[in-house]
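Shared chain: chain A. Partners: chain B in the first complex, chain C in the second.
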Partner chain A sequence: MDLGEEGVANIVLSRIEKSFSEEKVLKGIDLEVMDGEFLTLVGPSGCGKSTLLRIIAGLETQDSGSVRIGERLVDGVRASDRDLAMVFQSYALYPHLSVRENMMTPLRLRDLSVAQRLPMVGRFMPGAAEKLHLMSQAVAETAEVLKIEPLLARKPGQLSGGQRQRAALGRAMVRRPVAFLMDEPLSNLDAALRVHMRTELSDLHRRLDSTFIYVTHDQAEALTMSTRMAVMMGGEVLQLDTPSRIYADPANRRVAEFVGSPKINLLSGELDNSGRVTLFGKSLQRRVLASPQEIAVGLRPEHLTISDIAEGDEIVTAQVRHFENLGSDIYLHLSVNDGHETLTVRSNPESAAHLSFGDQVRVAQTRGAAMVFGRDGARLRFEETLDLAREVA
Partner chain B sequence: MIPAHYIGEGWKHAVLILGAIIVILPFYVMLSYSFKSPGEIDRNEGGFFGAQEMMVDERCIVVGGSREDCTFRPVVFNYGKAFSEAPLLRYLLNGLIVTLSIFLIQVAIALPCAYALAKLRFKGRDFVFGMVLFCLLIPVHAIALPLYIMLAKVGLTNSYAALIIPWTISVFGIFLMRQFFMTVPDDLIDAARMDGMSELSIVWKVMLPTAVPALLAFAIFSVVAHWNDYFWPRIVVTGNRDLFTPPLGLREFKGDADGSFYGPMMATATIIVTPLIVAFMLAQRRFIEGITLSGMK
Partner chain C sequence: MSNRTAPLWFVGPAVLLMLVILIAPIIIAGGLSFTDYSLGNDGARWVGTKNYEKIASHSTYTKMLRSTAIYVLTVVPISVALGLGAALLINSLKFGRDLYKTIFFLPVMAALLAMAIVWEFALHPTIGMVNDTLAAGCGTLIQSVFDWGWLPFVNGAETWYGHACANNEFPLWLRDRDYAIWTICFIGIWQGFGFNMVLYLAGLTGIPRELMHAAEMDGARSAWERFRLVTWPMLGPTTVFVVTISSIRSFQVFDTVEALTSGGPSKTTYVMMYAIYEKAIKQNLMGMGAAITIVFLVFVLFITLVQRYLVERKVHYA
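Up next, the complex of A and B:
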């Protein structure tokens, strides 16, 4: 299938549902993956992201709903006929075949006729020599891109984790698929290699200019690589947007908690009749349009400062409990109200140098950074932002 | 003074050596008798190899051979008789045909079954697997008679088919391969599906190559069992000596009241067990690998 002429090959999922025995794993997923984008499905384990990917791949059948690739409805189409390639967490290379043969396999199965695939005699069938030549050319080109030429003759057992990863990518790439599906491909690598491979995958995505659908439980991978990311929980897509907007403007409390490391600080507050938000006995300047209720105010560690050090709206006094030193930053873990609540504050090493365990510090917040979440976890917007949104709309 | 743990070690070795002697003794006797003359066997002398003095075969003379023609070295006599008294080569060939056919058909059936039981989701899978386990409990001898009657009704007794068909479905094989396939990661199968393999080619092109150690273990179990089987061939092969398997060949030497045929009989036995022992020696390491099912990771 050549989609070059048809142009866009968006992958459109509509109302996908799936249950395993009694448990509903996917609850009506609607999702459109744009041609050429790097879309990440991210969520905690058991959120249904892998199942969704497997449904797109055709390895799993949905109970209801449909999958469309470009113009084609692919429900009931075999996995191999969907023109997709998949990279697995365990790489899933054929252990008895060399890297070259591993990469040849999908091409042989797609391009050669049954007679041409026969052992021994297949290569002498009419047309086979030419096809084989093209195929080995494709393998060589891909190997060059991935810099795995020296490994082509080796078996997977003789490769390191990173090399296997590349070989698995190579097997996916030789087919020149409409889209690449990746199921936690970096999870089996050690930390340093994982960070390095993020850059390589982004780079590869740019060069191939192809659609990537990437499943991970690691929000850092999602933030660093994606064009857009879909945060999934409990079988639903909670929010689908660019990484920066998901981080800065989460749609609800669960998204806010999942994305960002260290986690966002969620502090309990009050909302009164007039829409005033009270936090630690002090009210915020902006007002929220919602009925009075208990709320949670979200403040990311980088939006808090120790007010002895920097400017900001002072909100509370807290006690230093723990220093988490990352070299470039120090995260201060503070306890408030005698340990009933905790706060994480990002600080630079120089300014935190004079602090020690048990010190009382005054914490201030960056103005305009607070996010308010209602009792049900939904984001409650401040008035100005609402007005702004209306104007833009 | 000998340290206590040396004594413990000594005991262990003594027990093991005793066990080894008990196991090896029959082989020793078999091999030794196959070298000796009837007289030496009777009188129980001559050590392991016997004196290898020229001996005269009385029967040969009775039949009318000259004295020179009927004089042999005992080892030549025994092994010569083994091949001349009964068509041993024919029996060996039969054994080869039967055991190989059984093994190949067993694999052809067990692998797809094991794959389905290990990796495919379908209704009643657990029940089917339960039945497989149940069948492991049934001794062959319990169903030998019905099997024989069925084969007799369709007129298949005294044929290779009778020797082969009852063994083609090996529940042990299905069980063993299923256990092995359980250790193969699902991703590998999904990758093969993405590459465009059909379920059957997954069995033969992905599962089979990864399962070689387990398959080898199964091969030894299967081949040894059916090469050595005396019970079943004895039942379904009646009369037609062309179909005799090697163990049936041993019968050719029974009932000689004078006992002088122990030599050729033991020579035959030696010839029969040699292929298996050689095969085991060659495959020993992989055989044990397969039994421990040290899967691929």
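Up next, the complex of A and C:
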């Protein structure tokens, strides 16, 4: 129970499998969550991320595999004995209790004996007064951290979404668990508040110095908050790494497509015997070590530029189809090959100002930014990067 | 039609109907309760509050209030508790939910009058299966279990069952003044708790699963703790509704009394609805019947007001 203080509360999942009726939702997940890190499980809905979180929590039992919290194997240990706290998407506050009583509940259930918990007479049991004093002190401290002191007397029904969110966080924080599990806690908030809460959660994580396991379908949340993120799809972890590495160096096509908004451009190309990549009839300088096949070349919108003058790096001529103005940036949606393929290009408002719908533009790519994915979706490395990797290793 | 009169035309029909079929009869009943009117008489004598004084003082009406109170105070808590218990048990099942729901709901669907006749046979003192079964149990393991002789400080021969076996004397369930009202209560519970169970089952489906999980994460280890922390508070609105409906239905008990005991023996099962029927219809004492009806109305109104208060103040959290 006091693993938190020892500071070795790594959460280790090995070979977790789970099926619902015939459908396999988790296919042998191996994952190690380091003590104190903010790990995000991110993926499209139905990828098994929530199930995985609930298995860690103990609310669901895995079919096979094991969960270890610190030194302790917790398979068969029930949720209430795992010393984890969870924040739910719906907040799951007890509607008949005030915020203070909501935050008291985990303390009451854990720290008070059955006799001390009796209604009316419980508080007069030996030792109860002292414990109750400590408990309300803990609640007051937590409320101060979350700035919800004025709300303590209110019922959840009288709170706004953001305030409920804080109250739910407070209930989780108040007993200082080994780790916090969060199941899409920001999904029910409006867009502005969601962005604001991202900062607050990161801040809170830094201050509490505790392990957060965070489930979301929103790649932006994962990128902004995590220490590391695990991209899950179809019951598997496709890639586990820091947000910047996942973004810059996705392990396969599905990860590349999922992470980043707007989506990465995937353009069909050819790979020949000599490892030369051909895209729109032009070849890239770097070579790929793989058998000849049809490939997809990934280029993020910020790695493409539009240019009026013919320069060496231009790859294709395209037609402007749509402007997506975000104020600071403009995303140009272009069509290539008579609309068979589309491209999204990030541009600054100044250079896009003179463009209008239907204009022809030349698109150039930033050197060294292209990623190549094979027919099966696996990332095909360029020769130089392979060398680089070796040097680093 | 001006804008000002339009609303009157819209609400007019509803108000008129309500006046004619609800309000007016109540006012007329209220008026009649101060007279000695009988159906067929040309006029009636104004008797003031004499009818009400009778209800307060006359032993027949004291017995009426007593038996109604016994019935309501027995049937409501037990049928609500059984309904909740059955709903919780059924809700925890993985298989066979529908089967149990059907079984417990059958008495609600069956015509009570027909069922009363079945009970009359089952409870018949000599040929009824209830007493037959009890008699057959005498001298066997059944007796040694149910005369409670195995409990410390209990003498099996002196308990109810031990005594009945020793004298081979089983109760006249519907003819004995010590048993009749309780037998009627039993049938009322048997008939009514399935309805409460269905209401509670509906209430249980409205409890968010995440709330249960939150309770589990917060350390509510036992089913009882989760029940106290989540289930019971969340069922608050359902409970208020169930208690109100059960109370009103219990005040209205009539079929079983009419079919099985006709208010007897010694007016121990003389419940209000039966009294209204007997006074107003059978004996054609409309004034008296109207007075009992008004008392009845006051009780039901009181329950309804309590329900409104509870629903608005205590059990809706949003």
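Some points to look at:
Going forward, the second predicted complex is superposed on the first by the 387 of 393 C-alpha atoms of A that agree within 3 Å, B and C clash if a C-alpha of one lies under 4 Å from a C-alpha of the other, contacts with A are read in each partner's own complex, and residues count from 1 in each chain.
Keep this in mind: a contact is a pair of C-beta atoms (placed from the backbone, for glycine too) under 8 Å apart; a residue touches a chain by one contact, two chains touch by 3 or more.
Everything quoted here is computed from the prediction, not taken from an experiment.
Placing chain B and chain C on a common chain A by superposition gives a clash between them. Once chain A of one complex is fitted onto chain A of the other, the partner contacts of A:124 are absent, as it touches neither chain B nor chain C. Using the contact criterion defined above for the overlaid structures, shared-chain residue A:20 touches neither chain B nor chain C, since it reaches no partner. Of the two partner chains, chain C is the only one touched by A:155; chain B is not. Contact with both chain B and chain C is seen for A:79 once the two complexes are overlaid on the shared chain. Common to the chain B-facing and chain C-facing surfaces of chain A are residues 54, 57, 59, 78-81, 84-86, 88-90, 92-96, 105-106, 109-110, 171. By the touch criterion stated above, chain B contacts chain A in their complex at residues 185, 187-188, 190-197, 206, 209-210, 296.
Residue ranges on chain A touching chain C, taken from their complex, read 54, 57-59, 78-81, 84-86, 88-90, 92-96, 105-106, 109-110, 155-157, 171. The touching residues of chain A, counted against chain B in their complex, run 54, 57, 59, 78-81, 84-86, 88-96, 105-106, 109-110, 171. Residues of chain C that touch chain A in their complex: 208, 210-211, 213-221, 225, 229-230, 233-234, 236, 317-318.
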